[in-house]
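Each of the next two complexes has subunit A plus one other chain: subunit B in the first, subunit C in the second.
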Partner chain A sequence: MSTSVSAPSDRSARSDRSALSAEGLRVAYGDVEVVRGVDLVVRPGEKVGVVGESGCGKSTVALALMGLLASGGAVTGGVVSVAGGRVDYRDEKALDRMRGSQLSLVFQDPLTSLDPVKTIGSQIAEALRRHNPRMSRAAVRARCAELLTAVGVPEPERRLRQYPHEFSGGMRQRALIAIAVANDPAVLIADEPTTALDVTTQAQVVELLDSLVDRLGVAVVLVTHDIGLVSEFCDRVMVMYAGRVVEEVPSAALFDGAAHPYTRALLGSLPVPGRPRSDDLTWIPGAPPPLAALPAGCSFAPRCTWAQPECSAGQPPRVVVPSPGTTTGEVHVAECRRALEVVASSRSDESTEGEPRG
Partner chain B sequence: MKGTRVQAGTAVVLLAVLVLLAVAGIFLRGTATTVDVANALVPPGPGHWFGTDAQGRDVFARVAVGTSIALASGLGAVAVGGGLGLVIALVCGLGPRWLDAVLVRLLDAVMAFPALLLALAVTMAFGTGLLTALVGVVVTVVPVFARTLRAEARRATSEPFVQAARTIGLSTPHLAVRHVVPYLGTTFSVQTAANVGNVILVLSGLSFIGVGAQPPTPEWGAMITEGLQNALTGQWWIGVFPGLALLVTVVAVNLLADSIPAVRAARLARRRTSRPRREATAPAPVEA
Partner chain C sequence: MADETSGQTSGQTSGQAGAPLLRVRDLRRSYGGPHSYAVLDGVSFDVRRGETVGVVGESGCGKSTLARALVRLDPVDDGRVELDGVDLASLRGAALRRERRRFQMVFQDPFGSLDPRMTVQQLVEQPLAVHGTPPAERARLVAEMLDDVGLGGDFAHRLPPALSGGQRQRVAIARALVLRPDITVLDEPISALDVSVQAQVLTLLRREQRHLGLTYLFITHDLAAAEHFCDRVMVLYLGRVVETATSEELFARPLHPYSAALLSAAPQPRGTRERERIVLRGEPLARRPETGCPFASRCPVGHDREVCRTSTPVLAPAEGALGHQVACHFPGELVAQPLERAATA
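Let's look at the complex of A and B:
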């Protein structure tokens, strides 16, 4: 697959094969552009991670794709296709038909995402009936039980009659995932699905998502700030910073071959079990820039240890990074003029952590 | 908790008595308007429990019929007014902001008038009678429901489960009916109970001053007015019994309104701690 995303012929070829494709997606709240040209292509059955600090636009991308931006927010540019069909974000009826049937979203907080006064069964049934009005009662019941079983909730018949407060946090997240996949969507977007859960439950939920990809062929977009989780679970990782994808990298190449200083910094701040205590974790000085007043040139330059004067002069180029560990067709692109130097340095000092001062 | 139970119990007992009285009233409609001049102004006793009035009509029968009128018109007015208020609240809560702003200003304007005055104005404009009095009362009930429910509906839209319901493709009307209306349940029932008492009071007030139900009708307010003429000469029972019925009704309904949230909370707590009611009928295959 080519790395140039602007060629028109290439664009149409891509969206035919993709479960979800967003090209040059832009989102603005009033005058402030919070997502500045994001390209995201997800093939059927693929697991793509979107990572970054808080406020980088990860969740905004998820909400924008669903057409559920908070009032004041709007998609201001880009072409989005889901399951081969172009999405028109002004057509509310078409969006309603798409949501839950082709594109589903699971929110961060399973504790509050279920209606407290309705049974789990009626909430799963609601999703089924919304998109299959002719389904018989018996068929809906059977399918609900099947879905709960599929997400690993034991005794589905009894569980369907229970209310959300009778479910634990992990069970509620499973129920929400059951609702999300009820209509066999092409893509499931999971927005920090494990953040509100304890660590062992997190692992179970991730395992569940993995098994759903295998069994249903659904593609998963995992939005999270947990870069460790992403590297475990995903095929491909998109690293976002200040409303842009600054690096797109196959997970296999993430730890040894990350080419953007921001990605390296995120990895450096990740605690690794077994690493000697003396190795301090690194952190990134400062905070992401306010989107209303972005620095000129590369947005990350003010916090970057690799920054050179010319980084602040103009938009950084998209650099294709050759990664030895990746198969053909996998893309590794970093939006940094020194990407190749960053990769080279990370490969040379594999065992020593820390930021080379450049 | 115990106080709540006593309060709720009292309300239920009083309301049960009133409902019995109202049912009796349905069968006593004939008796209530039968004039018997020979037996006029008989004091309460075994033959006429509440005595008879100046025309010899049985006061108990009249109070009973009055009870059915009061309960039916009170519940009816609140059901219609509350229903309209709920619809307006949903439009305000889920509709476009500008429409919300316009409707809220209109509701505020209506609310600025005291209920009795507004109802009085409506009866003045459309003629006196029980029906126009009812219309007037409905007009006063609508904004009370609409304002409180609107605030709740707005809050509902920011609840994560309402947001989550959008992700499965529910349209706004679906969302309103399936998730927002149940969310408003407690507020709606409290408002209903709180307003029934008030509506009955306002309706009787209108009849009392002569713009509501008109004299032959055994309406409490109208009966109290009639009773006033006899009170000075010592026939107290003609006005006092309908007055007592009115008092008991309003107190019972307000006691009930007060205990609804506590009772609902207690029921929820019980359900939370109770064991699952039934076991699954068929053991389902458990996947690892």
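Let's look at the complex of A and C:
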């Protein structure tokens, strides 16, 4: 509701330094709130990861930012600004202008997001014309070829005339990225862009995204379940659980300095290369709570080995975590009343996972 | 580590005592009529009792075809699959059905592989009924098995739609293991699950293995899981085994350029990566080329070498560790460079 209030111009001073900012974003499907107050700031050229398990709301955040929620879903709160301008999610025309030119989205499955009966060239051209209706035919053609080259598709002239089925999975994902960056957006949101791809192809696509950040200055929001991938690719990681960001941590501090018990548990369940085989993996008992019936207080408390009675009493505080080794200005915040103890235990005890579990 | 290597030697020489449980020789499987293509092109390996052997590779390498051929969901065109000396590839009809309880399979998708109208109890009992276990014994075995996988009590009467992905996969595992199979083929058993649940399923599989003395063939694209879970790993590329070694050996010292690239490409949490990532050029091929090494076109070592384009390397023992085999003209030439640990950009 609070979203429809149109007043705040005092925020602009802050938002013109970010490519994308969301404050207190809330999304609901009917009566069920699936995103429960998410803050996200992305600076130009920055790589931010959003990580979490199925159902945590990470893809919903991506769709909500784009104004592409499925029917029944709505942004119910929060302020979103893109390139300094506030986004009004009821103004379809404005959203149309924003999508592709300021904010772009790349989906997981490149086969279903491309139209099978149109050539790759005509699909890139469509994206260009949408925002540049008066662009000449020759200019469109030249720009299409340039874009395919930029995303590393060899023989662009021939490839433009081909259909999606003639492209491999990795090449389709490259074509989709070409469409997404065709109009020089400030931010590219990539929702599980490499999940459907093989490891060696994934490495190529990640390298491509990295080079686009360098060459075009586009910021990337990488939404994924792969905590290894985000921490390697991104500057900053937001860990989501049950519709909230429970920890925001610089990637460099993630592995040794994660402060939320959920983040630590995720890392503990990961078979990291080189980890001794005798070292049994840990897992999180139970399942995430249904969003329609969240427990009181901290939503992770019922599964948390660090939980105390007061965790279920009220919303956990946002604790600022001092992280050695990170530069000043980098935020490390965990939504847990015992965050500092969690960090201390993981730092004092490097060999075990810092999990008080037998 | 030392005893693992010596175990390897006795299996490899396959004397009477150390005869492997599963012996696969020159397995071939083709698809597609007149212009048929061999998805598996002469795959050979042994699996010893109590061992976990991993098969890793990317899509199209033939790993699922291998799984289906081994458990005879698909016919085998050529080659031998011997389980304790019985050639499964040639079995038909009743004889095949009798042998089936000795080799079981767990599929990737726990949503598609369970009948949604059967209770957990019925699902786990069904394979016993099919193989003629008397009802009284069935009840006992099912109860035991469900307890083992942590789905005892109330869970027994639930239907699959009321279960999470991890719980469903545990039902699928119980269905396979309740028959006490000699060998269990696990085809991507954790890839459809969330990370926190994957660890639970792997731990369960390992515990049951110790408990029941099981033998696993673990098919996966997830290298970290293979390293953690398997005693020995085979790397498959376009239908051929390009390298095989103990997990420790393979992950510490990959000799095939494809293995080296594959291992280095897997994403790793920042600060844990020890070697630089090798990014391959070009596109994966859908088919092996007519001549030469199937990896030659993408290979950082062999793409411009005549011998790689013209002659097909065969799987041969590598120098150094026992049991390490590699199919490459220039094994060990591509090494991912060690990273400086301290610096973070």
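Operating definition for what follows: the second predicted complex is superposed on the first by the 342 of 358 C-alpha atoms of A that agree within 3 Å, B and C clash if a C-alpha of one lies under 4 Å from a C-alpha of the other, contacts with A are read in each partner's own complex, and residues count from 1 in each chain.
Basically, contacts are C-beta pairs under 8 Å (C-beta built on N, C-alpha and C of every residue); 3 or more make two chains touch, one makes a residue touch a chain.
Computed from a predicted model, the values in this text were never measured in an experiment.
Undergrad: With both structures lined up on subunit A, is it a clash or a fit for subunit B and subunit C?
TA: Fit: subunit B and subunit C sit side by side once superposed on subunit A.
Undergrad: Taking the superposition on A as described, I'd like to know which of subunit B and subunit C A:298 touches: first, second, both or neither.
TA: Neither partner.
Undergrad: Answer with first, second, both or neither: which of subunit B and subunit C does A:283 touch in the superposed model?
TA: second
Undergrad: Which partner chains sit in contact with A:251 here, subunit B, subunit C, both or neither? Use first/second/both/neither.
TA: In the superposed model, A:251 contacts subunit C only, not subunit B.
Undergrad: Considering only C-alpha centres, what angle arises at subunit A between the directions to subunit B and subunit C, nearest 10 degrees?
TA: After superposition on chain A, the angle is 80 degrees.
Undergrad: Could you say whether A:218 touches subunit B, subunit C, both of them, or neither, answering first, second, both or neither?
TA: A:218 sits against neither subunit B nor subunit C.
Undergrad: Quick check for you: in the superposed arrangement, does A:179 touch first (subunit B), second (subunit C), both or neither?
TA: first
Undergrad: Could you look at A:101 and tell me whether it touches subunit B, subunit C, both or neither (first, second, both, neither)?
TA: Only subunit B is touched by A:101; subunit C is not.
Undergrad: Does the superposition put A:200 against subunit B (first), subunit C (second), both, or neither?
TA: The second partner, subunit C, only.
Undergrad: Between subunit B and subunit C, what is the tightest CA to CA spacing in Å in the combined model?
TA: Value for subunit B versus subunit C, nearest C-alpha atoms: 8 Å.
Undergrad: Name, in rising order, each residue of subunit B that touches subunit A in their complex.
TA: Of all residues in subunit B, those touching subunit A are 97, 159-171, 174, 178-179, 182-183, 185, 271-272, 276-288.
Undergrad: Write out the stretch or stretches of subunit A touching subunit B in their complex.
TA: 66, 68, 71, 92-93, 95-101, 104-107, 109, 112-118, 126-127, 130-131, 145, 149-150, 152, 154-158, 161-163, 165-166, 176, 179-180, 182
Undergrad: Show which residues of subunit C lie in contact with subunit A when the two form their complex.
TA: Counting only subunit C, the residues touching subunit A are 58-59, 164, 166, 194-200, 202-203, 221, 223-225, 227-229, 247, 251, 261-263, 265-274, 277, 279-280, 283-284, 286, 344.
Undergrad: Under the touch definition given earlier, write down the residues of subunit A that touch subunit C in their complex.
TA: Residue list for subunit A touching subunit C: 53-54, 168-171, 198-204, 206-207, 225-229, 231-233, 251-252, 254-256, 265-275, 277, 280-284, 287, 325.
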